[in-house]
Amino acid sequence: MKVGFIGLGNMGTPMAKNLAGAGHELTVWNRTASKAEPLKQQGARVAKTPADAARDAEVVVSMLADDHAAEAAVLGQDGIVSALPRNAIHVSSSTISVALSERLTKAHTDAGQGYVSAPVFGRPEAAAGKQLWVVAAGPKAQVERARPLLTALGRGLTELGERPSAANTVKLSGNFLIASMMEALSEAFALAEKCGVERAAFLDVFKSVFAKAPIFENYAGAIAKGQYTPAGFALRLGLKDVSLALEAGRAAEVPLPLASLLRDHFLTGVAQGRGDEDWSALGALAQERAGIEPKG
Amino acid sequence: MKVGFIGLGNMGTPMAKNLAGAGHELTVWNRTASKAEPLKQQGARVAKTPADAARDAEVVVSMLADDHAAEAAVLGQDGIVSALPRNAIHVSSSTISVALSERLTKAHTDAGQGYVSAPVFGRPEAAAGKQLWVVAAGPKAQVERARPLLTALGRGLTELGERPSAANTVKLSGNFLIASMMEALSEAFALAEKCGVERAAFLDVFKSVFAKAPIFENYAGAIAKGQYTPAGFALRLGLKDVSLALEAGRAAEVPLPLASLLRDHFLTGVAQGRGDEDWSALGALAQERAGIEPKG
Amino acid sequence: MKVGFIGLGNMGTPMAKNLAGAGHELTVWNRTASKAEPLKQQGARVAKTPADAARDAEVVVSMLADDHAAEAAVLGQDGIVSALPRNAIHVSSSTISVALSERLTKAHTDAGQGYVSAPVFGRPEAAAGKQLWVVAAGPKAQVERARPLLTALGRGLTELGERPSAANTVKLSGNFLIASMMEALSEAFALAEKCGVERAAFLDVFKSVFAKAPIFENYAGAIAKGQYTPAGFALRLGLKDVSLALEAGRAAEVPLPLASLLRDHFLTGVAQGRGDEDWSALGALAQERAGIEPKG
Amino acid sequence: MKVGFIGLGNMGTPMAKNLAGAGHELTVWNRTASKAEPLKQQGARVAKTPADAARDAEVVVSMLADDHAAEAAVLGQDGIVSALPRNAIHVSSSTISVALSERLTKAHTDAGQGYVSAPVFGRPEAAAGKQLWVVAAGPKAQVERARPLLTALGRGLTELGERPSAANTVKLSGNFLIASMMEALSEAFALAEKCGVERAAFLDVFKSVFAKAPIFENYAGAIAKGQYTPAGFALRLGLKDVSLALEAGRAAEVPLPLASLLRDHFLTGVAQGRGDEDWSALGALAQERAGIEPKG
């Protein structure tokens, strides 16, 4: 396929290489031109502007740092929208805002062009090793045409429906999950350390109990299903245990703000009559805060 | 070994069965006597009080619901301390407070008895299937003597040093990690749902990207090591992404209190000059809040 | 009146002096005896134990540092309960827990003694200047008999019903309000300072707009009444303004965790259909979290 | 003075009336023209566009609902910037973002026009009664020329230096203080109510102890000064009291998220060695989070 590739940073470069390696014909662009050198040596044409890279493409893939860079490359002067042929497709893999994704959708649609949002999960090493996970959303026919590229980038693909910005929501939610786990680990390590537990020992427990076991997967399934009775572990026991963690933190002088937040949510659950439901009923509380009607 | 077993609830019963199955000679006690019936049929003797179950034991294992129940069974009238032979060991598997664990340590030590704290990770099914993970702490010689029992309960064991309450800290920290992941998932599902993403699709992404991949393990390792440079993903990008999630939440009217907390911590990191460190430097912030001096 | 006074710290000493100055006959006790010297010079008898101070008293007033000290002085060996005559009254002014206040109520009642909880608002200077505000709760007849003492301590008295611990709840809630205002001011000063506003200028605005104006009083009245329509200032405007404060904080690199909490609550209000109510409908959200049925 | 007035909502109308009443010659504009009727009857000229209202003015005052409305009226087609004479001044009283205020400053400066930011504190009744408090910032000479208008709007004025956006920061910070107090009151009322305290009684305490007393003013002064020793009330006592409030909340099943946040901050203070400083050292913690060096 004739492919334009916009954005050759730590992520973009290995992604572009994988597309070239899969036999696609690449025209690449990067703001700092020198970064295009490795791709050029691999046979890619180097464009002067995003528009140049888009002009003859069937699909343009972009991988840019933030909203600012993405907006400039797509909607700015000599941007992708100005040159991409009608019916050609822009596959946007950047981690950008839902709002910008919706503006890009409109701009491309108005220009008779296709737009698929396809952010990826994984660090540069994963990109290099074709181990990214791609989440893609957009009109079905367009996702279909882009599929050979999407599958050349990583180890798997989840399709998220026809509305492109849904993929951005999921990418942002995924990074939020990672950051949450890091915060939880950060607080837990601080507590453990100040209570005299070796960091290496706590890490060993984490690896053994959590990291590869289906525990998080099981809870994710429970929350997805929204069925909180019968309780495997009652919410009021969750309140008890997180309160004990906070007491231990007070005694050892270790603030645990995430534990405080959990305590407030568990206590809200108890006050609202959910004490005997499963502790995963945190999911129901989040829905209620958001004004989502429970299913069923 | 001659083993007393105190507490035959959803967890205690399968644990006791596994000990009996491993060839140990059990005397069991439960507040509601009828629950001892299954063990009795498996050949266990049924005691009238915790003291009765402890009187002739080499090791007493207890698995009780909370501080209140544990305190009564150990320190109360006809409690374990009153009858356990000198040099015999109490292995406490209940999820209790650090403070109570320290009081039990003292009471047993004063009585010339051993005390090993050995809480377990896993639900009743895991207990039945010998799939618990045990975290044990106490004097080395005592842990050694209890080892045949500890390994008969589950699939693995992490030893956490000589101070029994360290194991309680780790158990509480583990439950805190689970609750944190559930809260994060709850908020993420609410956001995804209100943005039009099917719950099943989001669950699929979670399973593919997070649940069995080494991602959490890798970050846990980074935080344990405390090395935040060079950055794989910069803290200021973490601030960007969590801010975008909050913006999406505002637009869709989905409050994300855990994301707000993360935003404040990332912003603190940026304000304090850590914007170019890895986003796992959340670990350094938690240490500083706790007054822990950074290593190295 | 014959009065025992227990606890001669920064608060207790000026309070005791005011009682002596109002003509009451004092017997005082303090753990560190030397602190009783000023009262002795004013004519007070110095007791060896709390029991000694209580033995002949019509009323014993106590002003101690915390739960630990209060429990020891009342329920411990040679404590107040052991010696106070039947029908005499213990007026407890210490800032102690609701739970301990309820235990003290029971102990005194069981002993045929009276118990009035009467914590005070104000610092040592206010105590010295008879400017404390007293909040009292307990059986009506007992409060009546203690009234001459309660009014001798300060500038005013609010009666809070027959259940003594209610006064402790109100005292703790009051300190919580002060701490909340301090946190809000702390964050606001940090934001102002980093945005180039002189601290003195911001203080001037605070004094002029808030400190003596009826603004907080008006909002307190609105929340007490629980009437949130018609809106004077709509909740969705509250969301707008607190979001703008957070944006300003992000630009200036000033984390505002209390503002984040407010944003989440306002956004919850909007998501749950309260966007057009007055922003004081935060009061309704707090009630719902606590499972309190709205009046009406 | 010849004055243009833009925005005749609940706040703008009484403000404009006061300017007319003070003898200024008004040309008014409002998006919905019918709202200009009352001013017209008071002798004001009604303009067709913001530009019309600005064309002959010495000063244009604007009071608009949000960033969107303000941006349109100032920078949009037929906006203020397009017609205001050189050296005439735009006084912007709207509650807008710091970022927009900075863009308006630049636009007016580039056009050779003056720009003073002058948001106001007070509700419509206060506007009608000339009881607003004005916070103004901008080049000294321009503030001087606008002074007759600023003083005709309210009961007082605080000047905040030469950078206009500083006044927006202070206005947003002020609304943040109000919302914080409302949240604190909301949680305190919920706790009091569920503990059996009449709302009216708690309101009485609030009015007596806080609303008109100098307590908040005193703490604001302490935080402004940043002197936290010697302690009037030690930070570790603040931790104690807020922890007791949380315990009471747990017993009564009342979540207190603001109290949780305070607990975390007090505990951080204790862990970092500030336990014996005054509890207003919350101010120092806020500075440190923001990377502000303490004054010395």
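Labels for the chains are A, B, C and D, by order of writing; each one numbers its residues from 1.
Keep in mind that, in the parts below, a contact is a pair of C-beta atoms (placed from the backbone, for glycine too) under 8 Å apart; a residue touches a chain by one contact, two chains touch by 3 or more.
Model, not experiment: these values are computed from the prediction.
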Return the chain whose centre of C-alpha atoms lies at maximal distance from the corresponding centre of chain C.
-> A
Report which of B-C and A-B is connected by more C-beta pairs in contact.
-> A-B
Separation of mean Cα positions, chain C and chain B [Å, integer] | 38
Chain centre separation in whole Å, for chain D relative to chain B (CA means) | 47
Compute the distance, rounded to whole Å, between the mean C-alpha positions of chain A and chain B.
-> 29
Going by the touch rule set out above, which residues of chain A reach two or more other chains?
-> 253-257, 261, 265, 268, 271, 289-291
Overall pattern in which the protein chains touch one another (line/ring/star/complete/other) | complete
Sort out for me which residues of chain A touch chain D in the complex.
-> 243, 249-250, 253-257, 260-261, 263-265, 267-268, 270-271
How about chain A: which of its residues touch chain B in the complex?
-> 66, 95-99, 121, 123-124, 133, 135, 156, 158-161, 163, 165-166, 168-170, 172-212, 214-217, 219-221, 223-226, 232-233, 238, 240-242, 244-245, 247-248, 251-259, 261-262, 265-266, 279-280, 282-283, 285-287, 289-292
Parts of chain B lying in touch with chain D, wherever the complex brings them together = 268, 271-273, 288-291
